[in-house]
Every structure is written in structure tokens, then in C-alpha cells.
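Below is one structure; the comments refer to it alone.
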Amino acid sequence: MKAVIVNPKKQGVEVKDVDIKEPLGKRQVRVKSIFTGICGTDRGIVNAKITFTYPPNGYNFLILGHEELGIVEEVGEDVTTLKKGDYVVPVVRRGCGVCLNCKIGRQDFCETGNFVEAGIRGKHGFMREEFVDDELWLVKVPDELKEIAVLTEPLSNVVKAIDELLFVQRRMVWTCEDSTFECRNAFVVGSGPIGTFFSLILTTLGFNVYIINKRDPSPIEEYIAKRLGAEFINSKTETEEKLPNADLIVDTSGVPSAFIPLMNKMKPNSALILFGTVEGEKYEITSDLITAIVEKNIIVMGSVNASKKDFQGALNYLSIWRSRYLDILEKMITSKVPVDKAPEVLISKPKGEIKTVIQW
Amino acid sequence: MKAVIVNPKKQGVEVKDVDIKEPLGKRQVRVKSIFTGICGTDRGIVNAKITFTYPPNGYNFLILGHEELGIVEEVGEDVTTLKKGDYVVPVVRRGCGVCLNCKIGRQDFCETGNFVEAGIRGKHGFMREEFVDDELWLVKVPDELKEIAVLTEPLSNVVKAIDELLFVQRRMVWTCEDSTFECRNAFVVGSGPIGTFFSLILTTLGFNVYIINKRDPSPIEEYIAKRLGAEFINSKTETEEKLPNADLIVDTSGVPSAFIPLMNKMKPNSALILFGTVEGEKYEITSDLITAIVEKNIIVMGSVNASKKDFQGALNYLSIWRSRYLDILEKMITSKVPVDKAPEVLISKPKGEIKTVIQW
Amino acid sequence: MKAVIVNPKKQGVEVKDVDIKEPLGKRQVRVKSIFTGICGTDRGIVNAKITFTYPPNGYNFLILGHEELGIVEEVGEDVTTLKKGDYVVPVVRRGCGVCLNCKIGRQDFCETGNFVEAGIRGKHGFMREEFVDDELWLVKVPDELKEIAVLTEPLSNVVKAIDELLFVQRRMVWTCEDSTFECRNAFVVGSGPIGTFFSLILTTLGFNVYIINKRDPSPIEEYIAKRLGAEFINSKTETEEKLPNADLIVDTSGVPSAFIPLMNKMKPNSALILFGTVEGEKYEITSDLITAIVEKNIIVMGSVNASKKDFQGALNYLSIWRSRYLDILEKMITSKVPVDKAPEVLISKPKGEIKTVIQW
Amino acid sequence: MKAVIVNPKKQGVEVKDVDIKEPLGKRQVRVKSIFTGICGTDRGIVNAKITFTYPPNGYNFLILGHEELGIVEEVGEDVTTLKKGDYVVPVVRRGCGVCLNCKIGRQDFCETGNFVEAGIRGKHGFMREEFVDDELWLVKVPDELKEIAVLTEPLSNVVKAIDELLFVQRRMVWTCEDSTFECRNAFVVGSGPIGTFFSLILTTLGFNVYIINKRDPSPIEEYIAKRLGAEFINSKTETEEKLPNADLIVDTSGVPSAFIPLMNKMKPNSALILFGTVEGEKYEITSDLITAIVEKNIIVMGSVNASKKDFQGALNYLSIWRSRYLDILEKMITSKVPVDKAPEVLISKPKGEIKTVIQW
């Protein structure tokens, strides 16, 4: 079958016929690919900028792809929750089996680091015509979401971060005098797919959202901000006075110079979610910043990956937004390309891209 | 304007022209009624079976109605979050202003009992052509939900109960080996609107749902159970062996003989949510039941009312189900009657009713 | 060595020389007994009233004893946290190894029921001159507690219940306007060792404690109540008016007629902890009680057993009370008997007993 | 009466006779000072390095002192919980009365910043012969702690931080396979009184503690580390290899260069508590550090101040340590000086000081 493969040690990507025998276990499911999304991690692997990638045991190549939507083709004899024709999204990270969080299905909190991730490290990904996977790690997708459910995996990571935030902030009263979050201001730094998901969830939860980037919005970004009732701030040209104080900052950029200057807007009891990662940046912090974090009981929280429950949560959000913001979701998928064009869009990002997906 | 009124001391209900002057405060909103739902509490008041009802100060009558959907007609000069034409649902209970939970907008946990509830105690309800209310206690409804948002208020109470359950059950690991609730069995006792909402939410969260009643399902109930992948059990005719062990029982009946016999199915770490209330029932419990609660770390949790955040949560669930189960929501509103027919449907429940609403 | 043994199928108990070979594993510890406490469960086994008891695999008898204090005699070569001469208390329940709670060391929440408990089911207890156990399940005891640390095990179960209560009650604001529990009234039903531990912990946490029993206090009980600033109420002779409303009721009796009538005193948001178990009692409840649980958001919480962290918590409380209430702790150990007298005090409870311990 | 006063606008401190009339309200208590502790904040005020200090309304001076132990001299007629002769510690911060956290007695999470703090901003402190205060904000001290309870206030702030940490870390499984914290390593940066309290609490909770400073330990510090079974690491002379990976870092220094280099030791799911504040320091961070926080789900948590419940928690810890580590507590109070010597020890720190207190 056709697959998009890389050699983890080298730059480059190709579409190739691979011959992988995957017998169907009793509690396993054979899935045909429908869409596979492309993200920065895929491009990082293709361009040999991500060092932690490696092929599965016994292979000298890695099949890419972790943002998948597929359809069930065949089920093993003991499978009870899925049937031929069901849409599914596979969980990406599989636990180490040793640490306590992996033992309870929370491999997003794996403590040993000995997990594998489909299409990233130690496990073939989903950029191929079909694959076999355990029933346990396939998330059933409601039929009506089939056109947008390729967004489930990236969204799941945002759901996990927000879920954790809301638990952590129960350390005190963080809700408003009417029990909602409507008095709370959130800055979302970055307006790519992850930033957009944060803006969507935070709006849905009642926050006043400010989308911050170092440039003017693209037409789609402007459209999304307007539809959400959010404000798009160009941090290069607009003065800080346009921004209120913040109860929450979410950084999706990874760039310290993008979010640290905003921290002087942080209110008592506020939180900063760190979600983005980049390389090679530096920034000088002062003890005044540390003092502010202390005196204001501020929490800074890194968040990575997601568990199966977060995939289900993501599907619930997609259903909410299918009712409320279907136009936004549709605009987020900026292009669908056939697999033969995959190398092209994997090597460099198409102009105006929010999310590019491969259509199988 | 026309209003549906009762004299809290007597049986009976009438539609009458009332002359209530409600000047519009700066942070207030004038709302025109669109739909008002009818529930057991309304009928209890009309049939003088509910003793805690009383009119607002200075009135000898009470306007009924607490399940409301309206449209904004006029806003006070300092109103910022609503505008003419917005759909809104008002919060029912208003806090005592004294206890700590009311001070933080959680009047559903009022500790003094000195709250008022629109259409129930001490505050006129919404079964009238229009009313004025504080911006703070009006929940904005997404336009696409206008046909079903009259369900928001009853659903909000279910959302609160589930929200609390999920927090409380973090006392240990209650999620399954894949981090979801897919290994968990929930019994929902009762198949009225509240029971149906519990079944919908629990299905959405991944539970295996068993709907239990003392009779066969009506055609609509059968339809709903099937659509949800739930099983409807007639506890009179079907043997207990059809039921697995339970991780959660939700009672919406209030009848001890309906749910206590099921408690011998409760698994370690399970929970029983009590949501229903009736009068005049008795049941004998044994020390064996107490022993089981102790030895199995079981929690029994009464839950009443909802705060504004739960109304927002309810709207989110309505949006999910509008994508996924719109047919169910539409079937739940079994009839829409004009206000002049309100007394008739308030005195006795129409046959086959799940939810009857007044259309203004 | 001498051991106190039972035949789980029959009434009776004897002190016998048993020949159990226990080689010392690398991560194991040989412990010499100092004190072993006696509780209702021991007497239930001896009098063949407890049906769930059974011997370890391959044995036709069970060594009794689960409330142990010992001293380390010898350590395996890989033991790092204990050394000869250290005082230790062993954890009683050992997990099933299969359910998620057991996998993370919370066997007190075992879901399969396939745990073993030393001296109770499937594992020899500690009423013997010495035993070998895993380092992992031995809790180090500070030297200064050696005279009272035999109380650790029963206290650990109370610590677990309170720990869970405090988490669960974060579902709303349960603390007072000064952030403490000083405005909260707790009824403790029962004045045996478990009731006394609840009274001690609740006093330490700031609650106003009412100790309730169906009789007048013994002189020691009167002393303890006074020392704690608690009130002892004879529910047979004193009218209910002496009691305020309750924020918390803890039942240590297991007798429904002892705690259910008190439930009409329960305030909104209050909790009832069920801790006691008996046989053969019945009580009629009404739907009014169910209504009160619903309308007041009441939680009823069964609690059993404890994990190692609770043993450590118990030792911390013992250290607090050694500073503050050493007299109470010393009075709680009402007699120390040599092992040869064990059968006598195991068959029937000595008069005036709070806690009887075997001294080795 | 004699009081230690400052003019918040100027450097300097003096002992003066002040004439403050404090009539005793019905729910108030007159307290005679026994001991008042001195900390860095007091010295910061005296040396005019703390800018946020200001006198109470209507005064041109501020009485210093917030670490107080006093004895009740006289109680108002409605006081119920205190009597003449009781030992008390007053809460330092008093809420704004407006924000939700202050409304529920959690002024340590004040959101407006409009609180006052005795001896620091807007309210006279306790370095005076006597003062009148509300019963509500006086914490009763068990008699047996009178020699060490002057440590309650600084300890309360540590208790709050740890309490919050333990709640926040319930976001995943942070306990070990035996349910304790015995597999967890904590670095405590700084060995002053706050660092020592963190080391004491963390040891009591089962953590393996590493005390880190930029110099060799003083004899007292060496003694304390040994008694706690902790390791004292001189970060200037000892190589990083001596340190294991960290599950928790607590910084009590406020100096970025002291704790940021240690962050490369942080394990997945670990936490960094920021507690210290200084001025004028700078440090360059890299995007690699941000990436590590993200990829490892790390939490950084600022923590300041304490509520009344934390003062009670502090007294409980003092009782534990009075049983277990009384020698440490006694060594921590390195000198007791009469009030006339207060200016001297307020202007500069005595050599070898851990805690200096004024004896009244």
C-alpha cells in the first residue's frame, strides 16, 4: 500500500509502496484512511529538525502521520464497540506500561518517557492507505463529524490543557460573581490551528478572548476573530494599552519574547499555559517577574499531549461548533491534497495555511 | 399583559391580565417570552401540593414559570453583553446574599435557605408576555438553539449534578484503563425529561446507560433508548439478571422502592445520585445495605438546582446534541400549546408527555 | 513461635506454637512484635460471625492480628529505608494487582475485591512473635511514638475517611468566613476507639464536636469529651433540642436507628460518613428523608480501609496529640495483656475497654 | 505603651511610647505581646527597600511586626472562643471585602490588592506591648506550644504553599506505588527559616529532601539537615551529579540564577514553587527551558501569604515537630532580644541568625 515515509536520520520524505503485514488480532480493527492532517511536528521530522524521532523496532523507515480520520473496514472477533463503516480517530501516544500514569491510561503524563507515538517515535503513523490498531485506542467518531473530525487529534491536546487548567484553578475561587468565566480575559498568543482551538474553547467557556500575533491577521483570521467576538491584536503595531489585564495567557508560540512581555498584564490568581515549543530563542527575565509570580499566586503550566478522554472531549467540542461555528471549522481546513502531493506540503507550509490535510 | 398566575395558598391557576410596572434599570434587560416549559413543580404548585411556594413581597399572587426562553426587547444603558434580538434564558434561583456560596454565585448551594426562585418562591416567574431582569442573570442563547433552548433550565440541573459527580469521583481512579468512562455502567431510574437528560449526558460522556422504569417504554422512549444505544429495562417484568453491576445509579423518581433494591448491584467506588423527590413513600432498609455502602466506598449524593455556569453547560450540551441527536430533542418537546390552554396542561399532564411548553 | 490462630470455619481461638518458615527476601524485613491491638473484626472472626474470613493458600488456619507495632530485627540486602531497631507498622490490605486503584497503591479503593488482608482474609496476621514483610508495606514509626503507635492502624482508617471528606466537600465552599471549620458542627455517633479518633481529628481540624451514644459516658469517655471541649450526648435521655444543626455526621455504629433519626438535623451541603457495620438491623426510611438529601445537596459517604499514606497521616496525628492530648491516647489503651491471655480478651470484650492490646 | 515604629517614607526605626486608644468591641480581644519575630520584610521596611509599605489611615507612622505570639488579657462580651490566659497568634492580612476570595476568608488570594497587612501596609503591627483585635482573626494556640508558636506566622505561608501544591498535583497521579511521596525528591533552595520550614514539612510528608545553598552549611544548618535525613548541597562547590532528578523544587531565594539552572533536573509532572522575592537580579532563559516545561507537563506556582486555616495547619505541624524535632525548633530561634534592642536587630541581621525574636 501507499505510505508517506521518512528516514528519521535524514531530511526528506517520499510516497512509497510499503509492504507491512498486519494480521488482525481478536480485539483489533482494520482502518482505511480518509484524511490525515499535517502539522509542525510532521514538517520538523521531514526537515530533520526534530531529534527525538525514530522508526519502530526492526524498520529503517517511519511512516508519518498522527492526525488521522479513518473508517473501519474489518473488526476482530472480540471487538464489541466498533463495526465496519464506523469513523474512528486513533490515539497517538501509547504508554510505557510501567509508570503509574500510563497504567491508568494517562500516558499524556508518562513519567518514564518510554512511550511511543504513532508517526513520531517508535511506531508507524497513519499516512498510509490502511492500518490495524487496537479497539481500545480507536475513538469512535459520530457520523455527522466526518468532514471535520480530522481536527480531533490536534484539538485533543488543547482539551487536555484546558481540562487541567480548570482543575488546577479550583485551588481558589476563579469563577466570577455569577459562577461563570465571563469576567475573565484570556490572551491567546498565536493564531495557527492550536491558537484557534484555544480561542474557540475559551470563547465557548465564556472567556473574553484576545488573539495576539506579531502581524496583522490574515482574512481568515480576521473572519474567525470577528465570528468569535474576539479581538485580534498585532503586538508589533498596537500599543499595550489596548489590552486589559489578563486572567489567562496561553502561549502557542514557544517564543519567550512573544509571551514574557505580556506577563506584566497578569492579574492575581492568573495562569499562563505554555503549549508551544521552538528552538534557539533566548530572553532575559528579571527578579521582578519572579516577584510578580509569587505575590500574585500565578501558575505557569506546561501541557503536552492528550489521553483518549480528551479525544472524546474534542469530538464533543467539534459537535458544539458544528452547531455554532461550522463556518470556522470549514475555513480552518485550508486545503485537501491527494497523497501524491503530500511531500510538497510536508516540506514547506502552503501560504495562508491553517490546516492542510491529505485526502486518501 | 397576560400572565399565568396562582394563589399559593389555594389550588387552581388562571390566565389573567396583570399590571406589573417594571422600570428598566441601567444594567437590566426587558425580555419577551417565546416559550415557557412546564414541569412537575409547576403542577405541584397549581395542585397545592407544594408547600414551600409563596408570592413576592407585596403581592397576593405568584406568576408561575421557571423554564423560560425569551428574546431581548430592550436593554438598559449600561448593558454590555446583550442586545435587542438576542435569545436568553433566565437563571431561576437568586441567592440569599449572605452565605458564602451565594456570595460567589453558587446559590444552588445556598446554606441559609433564604433564596428566592422565579415562579416558585418569592419572585414572579416567566409565564407572562414579558419581564425585566438583571443582565447578570440572563444567559445568552446561541441563535441556532432557539427551537430547543426552552430545555436549558431543566437540563442545567442535570449538568450541575454530573459536574459535581465528576469532581467528587476524583477521590480515587474512576476512569477506565483507557482514561474514558466506557467501562462504566449507569442506571438511570426514570424516563421523564430529567431521566432523558441524564441518559443523554451519560451517553455523551461514554457510560453504558440502562434506563429503568416500572413499565414498558412508550414508543418515544423506545426510540430514544435505541438512538442512544441504551437499554430500557422494565423493572416489573424483567429479571434483575438482565442488569450488569452498576458504577452509577441516578434516581429521578424520588421513590425509595424504585432505587434501593437496585443498590445491591452497586460496585466498589460507585455513586448514587438522588435527584427526584416525592411524598408519602416508605421503605425498609437493612444494616446490610449500610455495610455495603461502607465496604464499597459508595457515595450517595443529593443534587438540586443549578448555577449560571450550568446553564451555559446546558447550552453546550444542546449544541452537541443538535449535531448528534436533534431528533431526540425535537421528540422531547411533545406539545406546544398557546397560553390560553396553559391551565389545562398545568392541571393535568397530557398523555405521552415528555415536555409540554407554552408558546407565546 | 507462638501465634494466636483461628480456624476460619469454626468458633474459637488458641495460642499455639506454629512453624512458619519465612526466608528473608532482598527487599524484605524481619519484624518482632511489640504490641498487637484487638478490634471488633478480630472478635467477629473468633466468634465466627464474620463470613468473609479465610486462611492463606495452603493453610488450614489463620494467624489473627492486623493492628500491629513491631521492631525491625533484620533487613534484606536491598532494603534502604529501614534498619534494625526501627519501629514499624505494617499495612493491612494488599492489593489485587489488577484494578487501577490497586495499581497505584490505593488498595483501600480496590475494585475487584480480590485483595488480601493480614489477619482477616488470605494472609496471616501479626499476632505472632515475628513476621517477614516487604519493606514497601512497612511504615516507619518515629521513636517517640512507640508507646502509642499500636493505635496507628485503626486511626489510619479514620484518616482516610476524613481526607476523602475534605476533598469531596471542595465541590462547594464548605469552609467558614475565616477559612477554617470553626463554624461547623460534627456529630460523632459512637464513642469506641474509632469514634474517639474521629472526635480527636475533627477537634484538631476546628469542628465543634458532639459525641453521641445511647447511654451515659463512662468516666474515661467523660474525661475525653471534656478534654476535647466536645459535648457527650446520651441520645436516650437527652432531648434533640440540645443538639444544634449538623454539618457533618459520622456514624461509627452501623446501626441505622442510631444515625438516621439524626439526619433531620443535617444542614444544606452537609455530609454523613458511614463507617460502622453491624448485622441484623432494620429501619424504615421515608421519601421525606430522600427529599431532604436532594434539596440540601447532602452527601453520604461510605469509607473503609486505608492506604500507606493514611498510616503516615495517622502517625502525624499521633505526634500532634502526643504534644496536645497524650493523656487521652494513654487512657485509650485500657489494658495490655500477655499473649497467653489473648484468647480471653478476644472472646469477649473486657469491661470499660476502649482498646485492649497484646504485649509481646 | 512601647512600640517599634517606622516612618514608611524613611529609613530607620525607633522604640517609642505611642498613645493608641483601642476600645474593646463586643467581639474583640485585648492581647498582650509575648514574642514578636523579625523577618526580611521587617528589615526591608526599616531599610526603606520595600516600597509598598504605608501607615494606617490617619497616622504618619506604622507600628512594625507581623510574626506575633500574645496572651489574651481581656475579651469583649460576645467573645465565645477565647478567654483570658489563652495564647493567640493574629492573622496578618485582612481582606478587601470586595473580591470573591476575600469574601470567603481566603484573603491570601485577594484579587483587588486592596487588602491591608498588619505591620506592613495600612494596619499597625504587633511590635507593641498590647493590641486589640477581632476574635475572628486570632488563632488559638495550644498551651504546650507557647515557646515556639512565634514561628506560626512564617510557617503558615509555607503550609499554604504546600496545601495548594498537593491539590494542584492531583491533576494526575503524583503519589508513588505505595500511595506515599517516598519516591519523590524535593530540592529546597535556601536554608533560612522559610527554607527550613519547607524542609521540615516535606520530610514529614515523606519526600527525600535536598537543601541547596551557595555556601557550606552553618553548624546549625548541618545539624538540621542531618536530623531530617536531608542532604545539604553547596551548589558552588558540589557538582550537579550529586543531585538526583527532582519532582519538586522550592525556591525561597527569589534569585533566578539560584533555581533556574536546577530546572534541567526537573522530571515529568514535577512542580516548582516560587516563594522568594529579591530585587535587581536578571537571568537569561532559553526556549529549551520552555520546551522542557511543555513536554514534561511542569507546573510553576507562585505562592504568597496564608489564611487562618493555614495558621491552624502551622500549629498542627508545630505540635508534630514538638514531638519529633523539638531540638530543631528550639535551634531555629537563634536569639531572643528585649524590645530596646529591637532597632539593632532590625537594621542588620545578627550573624548566624535563623530567627530572631523580640521578647516582651
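All chains are identified by letter, namely A, B, C and D, in their written order; residue positions are counted from 1 within each chain.
To be clear about the criterion, a residue touches a chain if its C-beta (ideal position, glycine included) is under 8 Å from a C-beta of that chain, and two chains touch if they have at least 3 such contacts.
On a predicted model such as this, the values are computed, not experimentally measured, just so you know.
In terms of the stated touch criterion, the partners common to subunit A and subunit D are B, C, listed by label. With every chain reduced to the mean of its CA atoms, the largest distance from subunit A is reached by C. In this assembly, the C-alpha centroid of subunit B lies 41 Å from the C-alpha centroid of subunit C.
Mean C-alpha position of subunit A lies 35 Å from that of subunit B. One finds 47 Å separating the Cα centroids of subunit B and subunit D. With touch defined as above, residues shared between interfaces to two or more other chains in subunit B number as follows: 100, 104, 106, 170, 173, 175-177. Taken in their complex, subunit A has these residues touching subunit B: 81, 91, 104-106, 136-137, 142, 144-145, 173, 175-182, 204-206, 307-310, 312, 316, 319-324. Interface of subunit D with subunit A (complex): residues 100-101, 104, 106, 108-111, 113, 164, 167-168, 170-173, 175-177, 254-256, 267-269, 274-288, 290-304. Subunit D makes touch with subunit B in their complex at residues 100, 103-104, 170, 173.
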